[in-house]
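After this come two complexes, each holding chain A, first together with chain B and then together with chain C.
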Partner chain A sequence: MTLLSVRDLGVDFGGPLIVDGVSFSMKKGEIVALVGESGSGKSVASLALMGLLGRGNITGSAMLRLNDGRETDLVRIGPRERRGVLGRHVSMIFQDPLSSLDPIQTIGAQMREVLSLHCGLRGGKAQARAIELLHEVGIVDPQACLKLIPQRLSGGMRQRVLIAMAIAGEPELLLADEPTTALDVTVQAQVLRLLLSLRARSGMGMIFITHNLAVASSIADRVIVLYAGQVVEDAPADAFFAAPAMPYSKALLGAAPGIDSVFGARRLPTLRGQVPAPGERGVGCRFAPRCDAMRPTPCQTQMPDLLTIADGENEVHAVRCGRWEELAR
Partner chain B sequence: MAEGMLAFAARRAGVNALLLLLVSLTGFMLLHATPGGPLAQFSLSPGMTSERLNQIAHSMGLDQPLWLQYVKWLGGLLKGDWGHSYRDHAPVLSIIISHLGATVELGLASLVISFLGGLAMGLIGALRAGEAIDALCSLVGVILLSLPTFWLGLVFIYFLSVRTGWFPAGGLMSPGHASATDRLRHLALPAMTLGLVSIPVWGAYIRSFAGDTLNQDHIRTARALGVPGWRIVLRRVLPAALLPLIPIAGVYLPTLLSGALVTETVFTWPGVGRLFLDSLQYRDYPVALGVLMFSAVLVLMCSLAAELLHHAADPRLRT
Partner chain C sequence: MTAPVLSVQGVSKTYTQRAGLFGRASRTYALRDVSFDLRAGEILGLVGESGSGKTTVGRIAMRLVEPSEGEIHLAGQDVTALSGAALRPMRRRIQLIFQDPSASLNPRQTIRQILRTPLRLRGITDDAEIVRMLAIIGMGAEALDRTPAMFSGGQRQRLSIARALLMNPDIIVADEAVSALDVCVQAQVVNLLLDLRDQFGLSILFIGHDLGVVGLISDRVGVMFRGSLVEIAPSRELFERPRHPYTARLLAAAPRQGGKLTPHAEVDAGRLFPTSTEGCAFAALCSHAITECRTTRPVMRETAPDHWTACRRADLDLRPTHC
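So, the complex of A and B:
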């Protein structure tokens, strides 16, 4: 069953589109990795869904199906209604756990606030639930943790606390914007495992925003690649990592350091050039200037559509490349 | 940690004692270096003979070497004997204390006005940063800040007292009937004068601190969790903006409590500021020196108190 259906999402800040016609849909309990370089529009798109951009024009729609069967459009809802949705149906965790908690309130005070807002719990009940939640996210001594201010916790523990606060309202959808980027590699793995186990327990869907393909491969059911504000590939994780169809995806995977590159067996390939600035995009494929498979036609003359190239039960695979068929041969 | 706090307080007490010593030395020397010196008040009296003058100097100990006078005065300060006024021979300390009530009353009233005004202005500016109302607040702030106190006081007196008769033009209370409303009516104009011009100072601090807080990641987290805006302001922005104001208030408060010279003069308000001006005018050296020392003690005590309070109020400092 579809949890979220994003159609033609566009964001601009008075100039060219930063997020340009992004469409995708995800099923209940699915973990979708939104992958892209800096400037691809992945964070802007997620903040637009949350209504946290603060400025800018947002177009398109994002229908979220709630557990009670109702549907709500995350692009259209008013601020009042949105407050009822955020934290309860959609939550978000962010990149920097060190600054994402209020430095002068105790963890307990911050958790009780969310619990009273979304679960109507106060006093002893809120305290008990807070302890339960912290336990669930793997905090060893929840009682002690509640009395501390964030400064006393490590980055990993703070991200766990933030996850506990995000799932307190038992949301259907969790947006995670590079939640492990600021953490040590070992802690990264723990947090990823935690998110997977939470999904297994609660059936919560997740949009996982990352530029790290290794992280994406360890958590995602599906991978959506953004380039210069557009979706350029949307594929099941297995298919994506086995046989990416878009030259950009191939280049990204090729540029990810693996064990052999670490030991110097081969020189790590790099992607030349950079993502075109929003005002400097040509009429053709936005990746064309950096693409090894580029041909003047059709690549520089026509913007390719996002084409569905496989459409099985769980196997929808779409790619935005004018030459994908030739390249696949 | 209690021990850390104690060591901190002890160290500060030592530094403060040294500072007070310096202030007393400087003040004493400055006043004795002024033309005329302490005897000017007497030497200018008609019919004064040099013989009589010597007698006065001797009786007040002014014929002794300066360093001995200083040491004696300093010893008196420590014992609570701050000397006696040249004018009416009353003890300096009790004169200051008798003027303190009026100053505290005016200072606190103006503080309430300026702080509440500044809080409103700062929060509006921070929450609506870049919008028209923010620009309006800044404009009003600049205007208030550039109003000279004496001029604003005179404008208030002219329009709200002389022309309309709504408020009394000066003084602490009407002679004879000292009801609470009468005192408040007397307090209104000087408190407004002193309060209004300080609104933009608080406003600027609060706008800046609140603005910084609003840009922090944890505000976005709270929004992402559906915390209503008013709650974010009340629980997160306001405490974060007020904490750094504590040490600033520690510097600002003594300037109020040691007397608002101009305002107290315009409104003939019998406070410490007026006392200082009067004592300078009459060359009443013991009183002038006393007010100086009193202000210095206030400044140091308030900043120490503010630091201790800041320490107690900010959980990040209690590690």
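So, the complex of A and C:
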């Protein structure tokens, strides 16, 4: 069953489109990794969905199906209605847990506020639920944790607290923007495992924004690659890591060294140039100037569509490349 | 064998903390008995989690932080006690590249002004060397009159590398120098550092937390845990045959392309362990720990050719089980 259907999402700040015609859909309980370099539009797209951009023109639609069967368009929704949706049906966690927490309030006070706002719980009920939530995110001594201020917790523990707050309202969708980027690798693995077990327990869907393909691989069911504001590949994770179809995806995978294969003063394959600025995009494929597989036609003359190249059961694989068929051979 | 360009010998760094105004003073080890050599022309990687002391090692090597114990030797010369004017020529030989190039380049200066500073310190006044250096990092002379804000993150990191190289150093300490860059840009800067090493015979202390990047660029890798160097070995050897349980644990936790995590919980997640000052720092977290591990600190010993491990149980087979 579809949880979220984003159609033709566009964001601009009075100039060229920063997010340009982004469409994708995700199923209930699915974990979708939104992958891209800085400037790809991944954070702007997710903030637009949350209504947290503050400015800018947002076009398109993003239909979210709630557990009670109602549908709501995250793009068109008014501020009042959004307050009823955020926290309860859609929540978000960010990269830096310290800047998302109030430094001078205890974890307990901050959790009680969330529980009062989103769940209408107060007093002893709020306290009991806060303990239950901290327990659920793997904090060993929840009572002690509630009495601490954020500075007393490690980065991993803070992220756990934020995850506890984010899932307090039992949301259908969690947006996680680089939630493990600031964490050490062992802690990162713990937090990723926690997110996976929460998904397994609650059936919550997740949009996981990351620039790290290895992290995306660890957690995602589906990978969506953004480049210069557009979706350039959308594939099941297994298919993506086995056989990426878009030359940009291949380059991204090749540029990140794994720990199983290459050691000792080895050079990496690189991409020339950089992501075109929003005002400097040509008419053709936006990746063409950097692509080794580029041919003057069609690559420089025509913007390729996002084409579905495999459409099995639950297994849509789409790619934006005019030459994908030739390249796959 | 020639003397190592940099030799860190038995270095500790302690900070004293007092519990309240009249409370008992207690010592905290930021570094504890760390020893290693940086060989000529070598790239030595240092990995470890936050708080492991890897940055402190880099700073002590540069004498930006004073060690509490131990010695630093540069090309065979003991520089631990040097200060003031005697320290200056030594400082020239070892240069630091930081993580965030936008914070380490003065935004109000042009590239010409920024790159002239190191040359002035060397008594050179013409710009020919600057232009030559820009060419080496893949930029043209048109960059000279621009300010750092007009460059991308990767270009700025190249410029800070150029600035370091203009001092004509023997050693570069690169502290998380590629961590803030996108993967494609990161790959370019990694390749540049490798080229520069070959071209100038530089030795590089490459500090990072991304095991993939550190393993790729480095000839040897040292692993730090809570202030101690627990293992040091040639890259491939370390990654394929880790002999310290902490190294094995780090490698197992690193995400892999094409790999998937299972949601099962870890036993020690969500809990803080006390640091032991008596035994092995890792003993509380180690599933192989025996009684002696908790009571006496393990010493570094050579467990395989050029492979040094500070673990009493380094005979265990800790080869990664996944593929």
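Rule of thumb we're sticking to: the second predicted complex is superposed on the first by the 324 of 329 C-alpha atoms of A that agree within 3 Å, B and C clash if a C-alpha of one lies under 4 Å from a C-alpha of the other, contacts with A are read in each partner's own complex, and residues count from 1 in each chain.
We adopt the following convention: contacts are C-beta pairs under 8 Å (C-beta built on N, C-alpha and C of every residue); 3 or more make two chains touch, one makes a residue touch a chain.
All values derive from a computational prediction rather than experimental measurement.
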item	value
Clash-or-fit label for the pair chain B, chain C on chain A	fit
First (chain B), second (chain C), both or neither touched by A:Ala256	second
First, second, both or neither for A:Ser154, with chain B first and chain C second	second
Which of chain B and chain C A:Cys119 touches, first, second, both or neither	neither
Which superposed partner A:Ser217 touches (first chain B, second chain C, both, neither)	second
Partner chain in contact with A:Ser100 - chain B first, chain C second, else both or neither	first
Touching partner for A:Leu268 - first (chain B), second (chain C), both, neither	second
First (chain B), second (chain C), both or neither touched by A:Ala293	neither
Touching partner for A:Leu196 - first (chain B), second (chain C), both, neither	second
Residue contacts with chain A in the superposition, chain B compared against chain C	C
Shortest CA-CA distance in Å separating chain B from chain C in the superposed model	5
Shared contact residues on chain A - chain B and chain C	none
Chain A residues touching chain C - in the complex, by the definition given at the top	37-38, 137-140, 154-157, 160, 184-190, 192-194, 196-197, 199-200, 211-215, 217-219, 237, 241-242, 251-253, 255-260, 262-271, 274
Chain B-touching residues of chain A, taken from the complex the two chains share	50, 52, 82-88, 91-92, 94, 96, 99-106, 113-114, 117-118, 149, 151-152, 162, 165-166, 169
In the complex, chain B residues that touch chain A	216-218, 220-228, 231, 235-236, 239-240, 243, 314-316, 319
Parts of chain C lying in touch with chain A, wherever the complex brings them together	43, 49-50, 152-154, 182-188, 190-191, 194, 197, 209, 211-213, 215-219, 234-236, 239, 249-251, 253-266, 269-272, 323
